[in-house]
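Common to both upcoming complexes is chain A, partnered first by chain B, then by chain C.
Moving on, here comes the complex of A and B:
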């Protein structure tokens, strides 16, 4: 990275500036130390809805002061940044927090010019790829959790780790740090992390003769519950999603695969090497068999599962035609939104469903309880691919320090995610979120069960294409379970070997 | 501004008219003023069409692994082409592409012809009906795809519910989540979307059928079918050829409907060339293989384009030779 080239500090006497800088550094040392110490104090083994509630609101942070120790607050420079900010469909609070961040950044760093673009989730990767080809990328980009590894592998990104912006690696989830690591080097910092939960309609459970307050404990239970619901009520039990080329599919199928002890590669192991293909392992085949059992044998899941994304499951759920599904933390807010838009008898039904909506942990399997570790990371682009050919390192650090701070990583992920910086869980804003967002504690308590997708440039193809293809081959009867799993294994082997 | 008319102008034109035996260079030189007029357009076309074509052909000889930047692509000669032609999915996708193109074109043309003939006669409400039949063509393909996706929906689709209500089936028909019905279901949507285009083209063609010939045939006792087959249809031959070629090109390149409605699924049952190319390029970042696929598609399009231009200029050649 270039540093300070063509940049100018504000005029001032060196002595006064030094004193100012030392005092800022001294003041910043305390929260930095406290931050590191606090991370060790967070006991992940105790992670539960109660624990999350117990630590929320117990710590305060001075973000501007802390970041001022990394980059002086009077630094003068420029930073360009692309990210997926709030759009029309997002709730007002997301817009407010986004606006508040830029105001806070301007207040903390009044002399840093910002050139910011908010780009939709589906467009960001393609636009970023294109900009890199034309050396017109921004200095900083925030990408979905596995988006960065492709660019790190191709040499587009600068090494970047939490320590570069004044934090400790211990302040972040190990799984999140794994997702920004390529060949032993860190290329980004987690901004937000989330895991999904399991939602069900308590009234449908009761009508089907199930305990309305007790979710299925295991994936075998899911199959049995789904069948019972379908047989008794004639509606779909479990919201299977198996669309091709859709990220929703692996996010809902891989937790089951991992629960049975399978995987695509060895991503579920404690120290994955990504060298062994496990998609045709017994665990994966067992998970695939349960999907076939529900879709083909019991017909207890939507027939449209092959063309459904999660969005298509929302309508039947709010209409009381679907009993249970894996859901994002923001699903409850989405259901409230859908209910508010319904009219007449539909509204009555939707309100009843919201009333009967329950969140629980994703079921476990013989091997473990698992969920996909999701979120986003922030990255710095190599200067030669940036518009103008320069990266203002100090301005970049100032932005990243602010964005990944306990305060802003909490506020900026208000509705749908959780702070990337673990310190965020101790802030007053986390407490406010827990008080205002129903079921947030449940989905958040799944975080220790989070498994990141393989940190490989090929991961998007494995997860978004090969895994859904395997599911479709088995569900349509085009192949047996064994054949579909072996076919997927061959495709992954070929992919890793550089073949088609 | 003055314009040259009369014998002088004709004489000038005849002097400038190139001999049929003149070389290409001589012909260009003789008509240099005409070429200068179209030069700006040619330059723009070279930039926006010729260069991308050249780049695609060049890219088709390279391998582009996911872990490498595009500039670090590896030259592999014709390997991408052999990879495509020897892959099992290629022939399945090609077969599905041929089925998609053939039946979409055939039924869109036949339906368009029927509609054009029906609307050719005078009757009350003809204008309204013509406008209604044009709706599928003017509706956005993206919007239409989403509407049809919900109409076909295997659990809550309107078509399935209607069939159940009418007692024709016990449960909703699985249109697009079934390997054996997905492609046919998409063809129906495509035909619905395209037949209006054929109708418009053929309605224009019907205007050229001489009324006196039809009257003479009627006086001679020709039946309606005989009048259509021996008088009307021969006059529609030219426009029919052009329409079929345009529909064929459009269907071969059709992307929106299959991509939005099934994404090529289930299990690849509705995958056609263009969805496969998109998937290879943007889903899997196999730019080299996708480029090779595109070159093959381009060659087919060029052949179809040749016949299209021939069909369009057939009359010109005849007049030039006269």
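Moving on, here comes the complex of A and C:
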């Protein structure tokens, strides 16, 4: 985020004065930045549930003080910010933590005015795109993990890296940093990162003659378990989702594709180049075949899978009509929240559902155990696209420093995610989370298995349109598995070549 | 003399019964979504996710409504603000649409001037394109006018597609008011404006009311422009505001249904109270005087 106002100046704008003022401020803060940068917070190579527990609560952080050394706490300015905050369907604790953050920010920076808009997950990208077209964007925006690439590629974002706000790049997951890097330049800082886990109903497993405490170890097991559950109980076994133009579909299908050794491009490899198309590889075809086996041959997944998102799986899971599914940590928290608010006869039923819920690692395949590496990143918008044509660099830094700190990246992702800053895993709040959110153990231990979607502007089109289309073509019988995979490969190649 | 009273044997009328069955099915088809919306709004979040569904909640609750209508909590504050915003935007749009459409329609109906037909169809041209085509151009225009994140942007936009319909509806109505009535008034000494005000306006009241209702409902339910032009929560209208019941991984169905039910109340009441005028206005167009 160096000299962010100097890139595309507008005639007549008071740029020179600002650059001069910021240069002085920058000269004063550079030595502080280097002295306050955290050392690498966590040894990722030792990652395991035990290791996470062993480090939780071992370090304390003075967030206001740390950020005060980056931007003085008495700095006077203004920052505008768009993000997806907690809404009505989110658990109460998410609302409480969000409120606490803004109170803490006000206490740390009483002279910075904030203009904050919380926009729902499904609306944020569209609204942001429109606002950019009309030069009415906020100074800072937090987007879903791959949302930023599209805007970085189009020149809407300012360069921004952890060091700009007093942190070290080593304090963030390499995969997360990769997701904010476009053509070698960093355009954002990870705020939170999560992976999903596998959730199942122990009672249904027992009723179907399966070990209620043992989840399917492999994706082949998932197919077999799903069939057994359906054959014995007449209900859906696995919660397949295949809705077109829905992010839920690739988040649940790609882990299986990667597990069988496939991919959309080469995103699952150690050093992806995104040059080779692997959607029609043998691995992808095997994964696609399992979906066809469950949907067409065994009929062991919901009939409505073609139009289902994960939200449509929650009700049958809670009602005991669906045995297992890939679930986001927030879904488990939501079920607990619903159960706690149920009354009378509903309360009894809700408690039974929670009692029977089990959670484990996502099954593995012949190639690996894999999960989508998800999360969000915070970005700074180029001044010319911002309402008013100016970005208050110091106020922006203050906000980002607070938001991505070990403390707040932990608290703000309380029920749904994990801290983007690895130092968050050492905080007392991480310990509290591990003690109170059982599912967290599983999802945090899945993090090293996380594979980010391709860091390309075309990634949303590939993942949300082409991959679900491939699934639909195979599941509806419109194409064979081979044809559907080849069709998807052609579409990706055309898209990468600018032809779609 | 025997007084045998034979009851005439009524033959089974298949067409009549078929019609009744069809209408009953149609009624169920129409009413079910509303009924289900109401029932779901009386459930807890857990009960709303039960399968098979609870046709009537085992523990009915009004908490979703009290939450929405209680200004002391953040949900209530926001909902009531969205409600007020929608009411203000829809009412302002309706009043402005009527103020402009009444004289415009009268002019198209009564006056003969060069380009009259062209202008009349030109007015309708705007409504022949999908709304989404004008989205970004209008957003940029509103941005230049400094109207983004204001209700003015919505009122102005709604007028662009509400006015043509209003003018078109009202013109049809004025066409069916005999011009001789105005001529009689003019002979009695009334000016053209007085004839319009005292003779034509009272006769066209049903048409104006029908036009107002269409305009109000159009503005009340509009989503895509409000979604695009407004990002500030304090400016949002109801169709956009109720999105807050959806989040990334969950939906608050009972809250959403309660909010949707509350949102439909003004429109339904408005419609029920004034439906007579709508029917009359629509029927006017079918008779040539």
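Here is the rule we use: the second predicted complex is superposed on the first by the 444 of 500 C-alpha atoms of A that agree within 3 Å, B and C clash if a C-alpha of one lies under 4 Å from a C-alpha of the other, contacts with A are read in each partner's own complex, and residues count from 1 in each chain.
To be clear about the criterion, contacts are C-beta pairs under 8 Å (C-beta built on N, C-alpha and C of every residue); 3 or more make two chains touch, one makes a residue touch a chain.
Quantities reported herein were computed from a predicted structural model and do not represent experimental measurements.
Undergrad: Contact-wise, after the overlay, does A:316 reach chain B, chain C, both or neither (first, second, both, neither)?
TA: After superposing on A, A:316 lies in contact with both chain B and chain C.
Undergrad: According to the stated criteria, A:117 is in contact with first (chain B), second (chain C), both, or neither; which is it?
TA: second
Undergrad: Now for A:365: first (chain B), second (chain C), both, or neither, which partner does it touch?
TA: Once the two structures are laid over each other on A, A:365 reaches no partner at all.
Undergrad: Looking at A:133 after the superposition, I want to know if it touches chain B, chain C, both of them or none. Which is it: first, second, both, neither?
TA: Touch status of A:133: both partners.
Undergrad: So, does A:454 touch the first partner chain B, the second partner chain C, both, or neither?
TA: It touches nothing on chain B or chain C.
Undergrad: Contact-wise, after the overlay, does A:423 reach chain B, chain C, both or neither (first, second, both, neither)?
TA: It touches nothing on chain B or chain C.
Undergrad: Would you sort A:246 into first (chain B), second (chain C), both or neither based on which partner it touches?
TA: First partner only.
Undergrad: If you stack the two complexes on chain A, which partner ends up touching A:328: first (chain B), second (chain C), both, or neither?
TA: Only chain C; A:328 stays clear of chain B.
Undergrad: Taking the contacts chain A makes with chain B in one complex and with chain C in the other, which residues are shared?
TA: On chain A, the overlap between the chain B and chain C contacts is residues 126, 133, 315-316, 321.
Undergrad: Give every residue of chain A touching chain C within the complex, in rising order.
TA: 82, 84, 86-90, 117-123, 126-127, 130-131, 133-136, 310-311, 314-316, 318-319, 321, 328, 330-331, 334, 337-339, 341-346, 349-350, 416
Undergrad: Touching chain B in the complex: which residues of chain A?
TA: Contact set of chain A toward chain B: 126, 132-133, 150, 153-156, 236, 243-246, 302-307, 315-316, 321, 457-458, 461, 464-465, 469, 472-473, 475-478, 498-500.
Undergrad: With touch defined as at the start, can you tell me which chain B residues reach chain A in the complex?
TA: These residues of chain B touch chain A: 63, 65-70, 83, 87, 149, 153-156, 172, 174, 176-179, 261-269, 279, 282-286, 289.
Undergrad: Across the complex, what residues on chain C touch chain A?
TA: Touch residues, chain C against chain A: 44-52, 58-59, 61, 75, 135-136, 139-140, 142-143, 148-149, 227-228, 231-233, 243-252, 255-256.
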